[in-house]
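Listed after this line are the structures, all set down as structure tokens.
Each of the two complexes below includes subunit A, the first together with subunit B, the second together with subunit C.
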Partner chain A sequence: MGTPQRDITIDTSKVPKDLLIEKHCAFLTGYGHSHNTYEYGTTDYLRMSGIYWLCTCLDLLHSLKLIDQEYIIDYIQKCYDKNSGGYSPCPNHDPHLLYTLSAVQILVQLNRIDLIDKQNLCSYIKQLQQDDGSFMGDQWGEIDTRFSFCAIACLKLIDSLDVIDIDRATNFIMNCLNFDGGFGCIPGAESHAGQIYCCLGFLSLVQRLDNLDLSTRNMLGWWLCERQLDKSGGLNGRPEKLPDVCYSWWVLASLKILGKIQWINSEKLSKFILASQDDETGGCADRPGNIPDPFHTLFGITGLSLLNIYDENIIKKVNPVLCMPEYIIQKMGIKMQLL
Partner chain B sequence: MSLTDWSLLSLLSSSIEQCKSIEFMPLTSNDEYIVYCYCEENIYLCLNLFEIKSIVKLCYSFIFSKDYQEYNQLNILTRVLLCYVTECLTSWNIRRRLVLSGTINIQKELQFLDILLNLKPKSEQLFRYRRWILKQENIQKISINKELEICDRTAEKHFINYASWLYRRWIINYLNINIDEELERNRLWLEKNLSDSSAFSFRAYLLSKKNLNENIIEHELKLNENMLKFYYDRESLWIYRQTLIFLTIKFLSIDKKQLLNKELDLVKTFEENFFSNKYARLLNILLSSDGKQFRN
Partner chain C sequence: MSNSDSDNESDSLSNQLEFSHRPEWSDVVPIEQDDGLNPVVRIAYSDRFRETFDYIRACMKTNEMSERTLDLTKTACQLNPANYTVWYYRRKILYHLKSDLNEELAFIGQMIKENPKNYQVWEHRRLIVERSGHTSNELSFIASILQNDSKNYHAWQYRQWLLKTYSLWSNELNYIDQLLQEDIRNNSAWNQRYFVIAHTTGFKDDIIERELDYVEKHIQSCPDNESSWNYLRGIARFRSINLNDQRIWNFCQNLYENHFQKDDFNNRQWRFLLGYMIELLIDDDRDEKREENKRMITDLCEKLALQIDSIRKKYWRYIQEQYGTK
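And now, the complex of A and B:
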């Protein structure tokens, strides 16, 4: 016994043990205004997703009122590309499915779905579908199961799933299933927790989880809970990687969809997430002691939400498939399959 | 945006291929002049870590201005920007258009990417773009050795490199590389990089492309067993063994119970550790439940 698993050591005497809500809100709202910091400019290429992480996290923490919603709505409209029907991450940049989903998610969250040109958005997504059912992320032809998820999630949010070929899209996802029970980004690619989340999310949204037989579900559940590291309690995304707070989302949400979230030791994991908070600046980092950012802050909070450790008055319930506050999904009457 | 700014960016662009690799370093500026980069021993182009934001802003302001839209200007601007912000998809798209217009020479572009891959060995966009570029090139002009060397190098530079092994899968299919030769290259690579699960995952992928039979699997299990004798504390070896068992159950009609029992006997011959215990637990679950009921 005693062989080390690749992991980190947490100094439990030094790390935060309580949830630092106010600090997180200050961190997130500050991020939106920090035009002069290093990140602004160098992260333009993913800004739309950044705003989605920020809005969703603040909403889950009951603090959406802290940001200027008009400013954000205005920004999203500046990123709309009328010619294609998609959204770009930043004005002047090219549109892409990844940022189109972020834009749609924010607009739904801010109750401004009326600003979406549904017809144009539908034709944008439809023309990205290939003969084998897969989706390109943009006109340049790269294929990824992430893009399949983005396409379906967008259409689901605007209640237009029927414009694409769901049978073929599902076949492509099933072709990405590996014999270890996981999914990769294209057929034959290595299993990865992020891709597994996208594929399960896809199957959930189109209500086709029955495509996974009992033994596959179990193998996949096994693969996913093997991601929890023994010492730190954190989750990694693939074997032998170090734990990272964002997998608290990808892995847990996948297990939630499979109805096996109880396979994870939630006490250990929540300690790991709380330890990854920065008690000076607020925000979560990928692991304890590192620099926090909005991405890991959101996925730390959504992880805690799925673990059901805090009351809804503290962290709102998150939807495990669309990664948005559950009350919005309920309000819109969006249905999905969970095992 | 001034002529001096433009000269600075042109100079940075022309420095790239003077070196073999690019690095970010904290360099000291003073009141009189700002240090943007310097070249060390003709190997490393050192870019000043403190000037990233100013250069990025400058590049963007030129790229999105009306006055710098000539093809050769966009070429220079995106080259510099991508050294600093390699994941900027819009800049790669500008270069895709420049390739299609004939402004960018494909072989020269491959060289540029080669250098950038030393700086960002796991950049998803870089590999995506390199795939796209190769699809534009006459397949006879693509060097198999060069592409395999790039895969080896990036995989060594960044441990468990998803993007690099994904690219390798694509290369062996696109260039129709012999699977057995690739298996042998992989075996040699793994001898030096034993703890790389992505390389083992790739190996399992190669096996699944062959006409699997019991001899192949047997041989592979034996190879793994011999490695475990020396390195029984490496997680990658245990996970690979698990993968081989899954592969066998999936593709071969064998006596599953017999296989699993044989494995359990084998595990007992090793000194017990965290990974061997996990593996034994999985085997027991597969044995007891036919895989229908497992839970840990």
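And now, the complex of A and C:
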């Protein structure tokens, strides 16, 4: 008959069941200060994103005041590459679209959009677009639909979508649509929830979700809700992979954009997310019993926010496309398409 | 050889002298990391790590392209393979020195084995292969990585690039078949099958019939395999309308009557069958069948919502509402 479907078993008697807000705040703020660790040293290549995860999660938990805003703004300035117009993850690294988006997101959140040289940033992003509409992540040419999303999201945040060729960019995204209704990182690549989020997010920001006809949207919606595993209630990223808390974001946000978030069993998923918390150190891991990190902590919280299980006083509403607190998106007047 | 960076470091690198004690490096002034931190806060992680990157920063600043900086980048890449800036610098040096790219392939092959989910190492290999044109070892190299993790997204993406760029299609369907024999649920392999056919023969009628034989056989041996049903769905839509001979419906109905209905205790494994039958019923545009189809859709949705796939109850209720009897 073949092997049974992959999933994990959770020992419900031993896992956390309540939301450990104070512990998470302590975990996140402590993480930023533990410079004397090997992990800190080896994660410099994504430090800017790390700061974005921190700031976003703390803000959603009503605790943005715990961070040192001046230090972060100073850090971002040090990471700005005037020559290219992009941002690096860490001083002395090359700029990259991924970390440019994170930098812009943080500056928007901290209300310092005045520090962005819009013209220079636009030219940085524009020169990364290829003839087929795709975007490189940096000068070394890696192409990925993630970068299409980063490019569009950046431009949307500074209200400059028109500097790139939107038609071609959309065309490339549509070329990544697979036979199962999902999207991969480049044409032909296997459907993956993270890539699906990027592609749907892209289409939402350029307001072209109608490029997907109803039958494709239903097929994709079904593929996404199929990510939920029966035993653990957690979500995986593609068939036959283990559940992971970060898919609470990629899958849920995708379904939210499609207007089908109710297709996920929210009770079972929320139990999975809560079970993945670390009740000693705070923070969330990829799955119950594993070591927590800021990345999974953010996506556990944003997942819970989308599920609408807790009142806004506890977890603020998150924008499903830009993964930023919704109040900021509202304040900026940024429009996107949600089905 | 262990996989973690810290073990890597202690094994092969700890025997080397610190850079500051090596006479051939005496002309370089290392540059410390500037995080904007309070200078009193010392970054206490591995001295070797810190020192290596201090020297990297200094050499990148002067843009030195030499054997010693080539060696330095090797150390840095081994200490932190995710640092894409160092890989970029290493390539510049390699090309400048016209280094032996076969040796580089051996090095990056080892790095990939140790860091198979790292974007930079695969990208580095891709650029080296592109530059050197040495493709003869690549398919077997990727296969060796997939041997350890048959779904490695980077490995598959790299493989697709290789196949397309150098037209190495000839044995790929056999390779996929082998993988599916090892694990019939390997979604990456099913995706690859679609990819190969799309880029070679295309989905012509005879190919579709062959693939229907293939996927039906695999469904029968493992009915609750999402990948095989997705594949069936994917290829079925290419079928010419004049081949509307009910082959696929008959296949489903046969499974339904001879297996699902007879298997009271383990019938959750047939949830994809029921779901697909609903799709076929929705797509059936024969007027005379409309009411009967709606009743069947309703019945199937009920079974799925209540019993067979209750975690997705809301989805099945939606389908029932949209397409079932009112």
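In this text, the second predicted complex is superposed on the first by the 335 of 339 C-alpha atoms of A that agree within 3 Å, B and C clash if a C-alpha of one lies under 4 Å from a C-alpha of the other, contacts with A are read in each partner's own complex, and residues count from 1 in each chain.
The rule we apply is simple: a contact is a pair of C-beta atoms (placed from the backbone, for glycine too) under 8 Å apart; a residue touches a chain by one contact, two chains touch by 3 or more.
Just so it is clear, the structure is predicted and the values come from calculations on it, not from any experiment.
Undergrad: Once subunit A from each complex is brought into register, does subunit C clash with subunit B or fit beside it?
TA: Once subunit A is superposed (C-alpha atoms), there is a clash between subunit B and subunit C.
Undergrad: Is A:Asp68 in contact with subunit B, with subunit C, with both, or with neither (first, second, both, neither)?
TA: In the superposition, A:Asp68 contacts neither subunit B nor subunit C.
Undergrad: Just checking: does A:Lys78 make contact with subunit B only, subunit C only, both, or neither of them? Give me first, second, both or neither.
TA: After superposition on chain A, A:Lys78 lies in contact with subunit C alone.
Undergrad: Just checking: does A:Trp140 make contact with subunit B only, subunit C only, both, or neither of them? Give me first, second, both or neither.
TA: Touch partners of A:Trp140: subunit B and subunit C.
Undergrad: Once the shared chain is lined up, is A:Asn265 touching subunit B (first), subunit C (second), both, or neither of them?
TA: second
Undergrad: With the two structures laid over each other on chain A, which partner does A:Glu22 touch: subunit B (first), subunit C (second), both, or neither?
TA: Neither: A:Glu22 stays clear of subunit B and subunit C.
Undergrad: If we overlay the two complexes on their shared chain A, which of subunit B and subunit C does A:Pro239 touch? Say first, second, both or neither.
TA: Both partners, subunit B and subunit C.
Undergrad: Can you list the residues of subunit A that meet both subunit B and subunit C?
TA: 1-3, 5-6, 38, 40-42, 44-46, 92-94, 96, 138, 140, 142, 179-180, 185-186, 188-192, 219, 221-222, 225-226, 230, 238-241, 260, 263
Undergrad: With touch defined as at the start, can you tell me which subunit A residues reach subunit B in the complex?
TA: Going through subunit A, the ones touching subunit B are 1-6, 38, 40-42, 44-46, 88, 92-94, 96, 138, 140-142, 179-181, 184-186, 188-192, 214-215, 218-219, 221-222, 225-226, 230, 238-241, 260, 263.
Undergrad: Under the touch definition given earlier, write down the residues of subunit C that touch subunit A in their complex.
TA: Residues 5-6, 31, 33-37, 41-46, 49-50, 57, 60, 79-80, 82-85, 88, 119, 123, 127, 151, 153, 156-157, 160, 164, 183-188, 191, 194-195, 198-199, 221-227, 230-231, 233-235, 269, 275, 311-315, 318 of subunit C touch subunit A in their complex.
Undergrad: Once bound in the complex, which stretches of subunit B touch subunit A?
TA: Answer in residue numbers: 52-53, 56-57, 60, 64, 84-85, 87-90, 93, 96, 128, 131-132, 160, 162, 165-166, 169, 195-198, 201-202, 205, 208, 233, 235-236, 239, 242-243, 246-247, 250-251, 272-275, 278, 282, 290-296.
Undergrad: Over in the complex, which subunit A residues touch subunit C? Could you list them?
TA: Answer in residue numbers: 1-3, 5-6, 35-38, 40-42, 44-46, 71, 74-75, 78, 90-94, 96, 138, 140, 142, 178-180, 185-186, 188-192, 219, 221-223, 225-226, 228, 230, 233, 238-241, 260, 262-263, 265, 268.
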